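Two complexes follow with chain A in common, the first pairing it with chain B and the second with chain C.
Coming up: the complex of A and B.
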């Protein structure tokens, strides 16, 4: 009997506590923002970094920091005291899960906007849900140019696309041929066979055709590959002067290691937004990561010179992950920072008003290399800008364009056995 | 006397099964008319997935459960159906119906063409061959530009309609569609279970040589089961594409997807009518709700729970949920025999 009455008392206390806590939660001024990233699966490391990057933005938006020239940092929260609360979801690298999670976040959790999804193939169906529901979808690092060619009204992407990067790679090759007499005439493409990789390769081919460069190797590989011997041997046999690479996470490590085992390298090897941009992966590769190149919108070295205002935010991120911000994940921080500025400018939490501001205004963005973000019709950030870097001893050295260059290109890629 | 008793028990069991079956359909259909029961909630999403995955598992159960041919290649047929619908909608800008039918027919024909050589293999060797088929099809579809290649096919944004079988404002249409698919596929299995083909399939499963010695053409039976199974799996694939507004090779033609066909059926109970439904009714809500409710514990916890459940089931009761029901005396003598394969008498 005693046991029974104790159980009843415990139950009543539990109900009371839950009622009080839910009532106080409801009274709080919060803005729910959803995130959908791959917490698990082949791109898990990058996905978890993206979550930490969004959390970094939450930290400096919700709290007060005396960072000069950094919008929203010097006040607490948004509007008249609203705090941002994240609702995180894992799409596991699967587009169908990304789509159902987007529906759940908008309809069940009532999030105001979603930030995601890193993988272009997942960003597509998730942002289609947003468009159908007329809700905001902010996209950071998904680089497939097709995402902003759909004419969507509620989709906004901050990062440069693979089309922009390809054009810059082409420009750099022309520059090297003209100024340095490198005579780079053949191109190889190695890419993961996914929405991202295929689209990047297609853009690379377009640039090659425009420049009259001969594509001598076109090599897709399966995401999460366990062996790349045949891919690298094919590349070695074709021996292109230049290679454009699109390999994420562990695939990038495998590709670099297989190239080393094969004792082969092209004269220059340039990467789209891939494992190259991830400091954790390069640390794991150690000295083997050197001499590879890639397009980047951010690196700690670039920030030291051109984006000093971003450095305090980087420390918040470093405390969460142990690494500095990278070129991919920082785009997710920019997404929330820009969205928060739009909400603040709108003055109310109204989707249509915020969308109107996102479409028409230019935002200050200390976390972007250009310092500004503005969205063109379709949602692409027209101010997105990247530089070409080369890794040496785990440091990103900027080699192009000349106005940003801090180092000379080490050319050609040194032979593996002569390092 | 024993024969008469056995026959009476079988009729009684079938009657109870039919009542349960009709009752289940009535309850699921009634949900559509209860205000607020079906709409745009996560619960509706989970119900749609339960019906879809139960249908997929039942289509696999025809070949794997009733006929005893363990296939890991069903995602190929599922994918062909998905591409049928996707190409009709995206490539040709038309309604999906003809594409769905074409995809299902192509899947059935493909299954016969693949089955013909593969059925020369037995047991594990047949299963391994079907693994390879998924890899081959998956890779070909990834590089085949005409069907979208690695970029996949993304559905255009159009108004909600039955004619295009697309909805975004709520899921009532999808739920109704999934229920129709579920009733159709389970209805087909219910029908063939007690027909000649059903008995022939079970005879082949029990022992191919014995069945052949009794005049059963085992190759014909297996090919028929394969074609029917593939046709129905393709219909499920078409629904999947319509539901997700997108199709690409890793989404549909993967070993991961093939494993879902197999796991759900094994968890529920292979070669039983109710097994695929019970497997989906347990696994899908577990998968969906743990992903959302256990996310705070860290990445992948939901998948660990999912994996642990499968390990537990396989260790504790390899005959699946139907085996559990038999073990706890919830099933009658005949049902127990069907679920466990033991002779209860």
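Coming up: the complex of A and C.
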């Protein structure tokens, strides 16, 4: 009898607690935003940085900061007091998981929009789910040009594509040949055998064909390879003047170390969105990371001169990760910042109204090098802009275009055994 | 000619390293008929152990391999005692699933503790040093790892073939009940075999830290290749594992250079399929 009475009391308390908590949830003004990034798997280091970058945006949108010229920072929350709450998911670098997580986040968690997925191969199926469900998908650092060539209505990407970067690399080679007499005539491509790598290489080949540069080495490699001996020996045998690289994380560090071990380097080595942009990887590589180059939409050095308004946001990010914002992850911060501005301008949480504003308006973006974001049909940020940098002693030195350049290119890449 | 020698030496060095990574797996599989799915994660743990010893104590991988080998011996033997042993004799898939669970635990534990960051041990005594052999540039850290792998495999083979404990291991592998009737404590043998398996991969991982980045996924492709080495060489055969590993290293290297780099793993797995079709017990299996 006593046990029965205790059980009844326990049940009543439980009902009361549940009722109170559900009432408080109902009263809370929240906007659920989903994120899908690789928290685990080969690209986990970049994925976790992307999550921290989105959390950085949540921090300055939900709270009040005295930042001049920074939309939404001086206000607490969105609309009339709505706060953003993130629902995070891990796609492990696997496209099928990205797709099922997108379905779960939209249909079960009821998120208003999703930000993701870092890997182009995962962004592709996840954004197809968004398009089918007529929900917003914001894409930051996935650089495959094909993503914005599908004519989607609910897909928006803030970063420059590998097509934009390839064109800039080509322009720079032309500039070097013309102005410095470098006579760079052959190209090698080394890239991971994935959606991202293959598209980057395709864009590189298009630019080479347009410029009359001869592609002498075309080397896809397996992600997470046990060694890169064959890949680097093949490059060495072809000995191209220029190499375009698309190797992420551990593959990037293995590639750099194998190049050093082989005592070979091309005259210049330019990277797409890769390990080059990751300060943590370069710190581990130390002096070996120097003289490599890459396209970047952000670096702490660039921010000091051209994006001062971004520096306080960088400190929030640094507190989370221990590193400054990098060129890839900052795009995820921009995604949420732009989406939040669109929601604020719409004045209501209505997908169609927010999409209409995303399609038609231009947004202030202190976290973007151009300072603006505007989406062309298909969802590509027409204001996306990158510069070419060269790493020296863990500092990104801008070498192109001339209007942004703060340093002269160190040319050619110094021989490893003569450093 | 320069490239031929370079490709040959690269292949042999990689093969020797695969050999040591696979030796422990071969032993466990051959003696106990248990597939250790956590083998790649043991390699990863060994590399983290060596990395942290290097970072915190400043001990070079040339010496810390002793500690990583010992640590992995106890980790592996402990895994057998507390996890695998309890699953043997239950459902057919139970030991396999137990080691699979262990692999997920180890990977996520390291991911959680050490973040997914790629860590390179810098300032080691062999860092960046190379040797020139017939015109080929040979990385000293890799060369030392390869030579030590060969030495370790010889020691392991001698121990199994010539020592009393080795004969007990062979007897247990051939017929557990008969071995018990002859007074062999098979439970101790199993623990020892698991420990030795872990020790081999621990030593390999310890040396590999001197030239390879450490991160939670580092063991994935190594373990896959180790499975191929074991199946190709014959279950439980150390000379078989060595020959298969060298063959795989050479096939990978030559296919990667003379056909296309993207074909190097395709060639390895094609070779494996061919051998499985022609000789399912492997090159040296019984």
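Here is the rule we use: the second predicted complex is superposed on the first by the 403 of 419 C-alpha atoms of A that agree within 3 Å, B and C clash if a C-alpha of one lies under 4 Å from a C-alpha of the other, contacts with A are read in each partner's own complex, and residues count from 1 in each chain.
The working rule: a residue touches a chain if its C-beta (ideal position, glycine included) is under 8 Å from a C-beta of that chain, and two chains touch if they have at least 3 such contacts.
Predicted, not measured: the structure shown is a model, and the values here were computed from it.
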item	value
Three-chain arrangement built on chain A, chain B and chain C clash or fit	clash
Touching partner for A:146 - first (chain B), second (chain C), both, neither	first
First, second, both or neither for A:117, with chain B first and chain C second	neither
First (chain B), second (chain C), both or neither touched by A:374	neither
Partner chain(s) touched by A:40 [first = chain B, second = chain C, both, neither]	both
A:99 touches, of chain B and chain C: first, second, both or neither?	first
Which superposed partner A:254 touches (first chain B, second chain C, both, neither)	second
Touched partner set for A:284, first chain B, second chain C, both or neither	second
Partner chain(s) touched by A:222 [first = chain B, second = chain C, both, neither]	both
Partner chain in contact with A:128 - chain B first, chain C second, else both or neither	first
Listed stretches 73-81, 91-99 or 163-171 of chain C, narrowed to the one that overlaps chain B	91-99
Chain B and chain C contact sites that coincide on chain A, given as residue numbers	40, 44, 48, 193, 220, 222
Complex contact set, residues of chain A against chain C	40-42, 44-45, 47-48, 193, 219-222, 224-227, 229-231, 233-234, 237, 249-250, 253-254, 257, 260-263, 275, 280-281, 284-286
Touching residues (chain side chain A, partner chain B) in the complex	39-40, 44, 48, 88-90, 92, 94-97, 99-100, 103-104, 107-108, 121, 124-125, 128-129, 131-133, 146, 150, 193-195, 197-199, 220, 222-223
Residues of chain B defined as touching chain A within the complex	40-42, 45, 139, 142-143, 149-152, 154-155, 157, 168-169, 240, 244-246, 248, 250-251, 288, 291-292, 295, 299-300, 303
Contact set on chain C toward chain A in their complex	3, 6-7, 10, 14, 18, 107-108, 111, 115-120, 122, 128, 130, 137, 139, 142, 211-213, 215-218, 220-222, 225, 252-253, 255-257, 260-262, 264-265
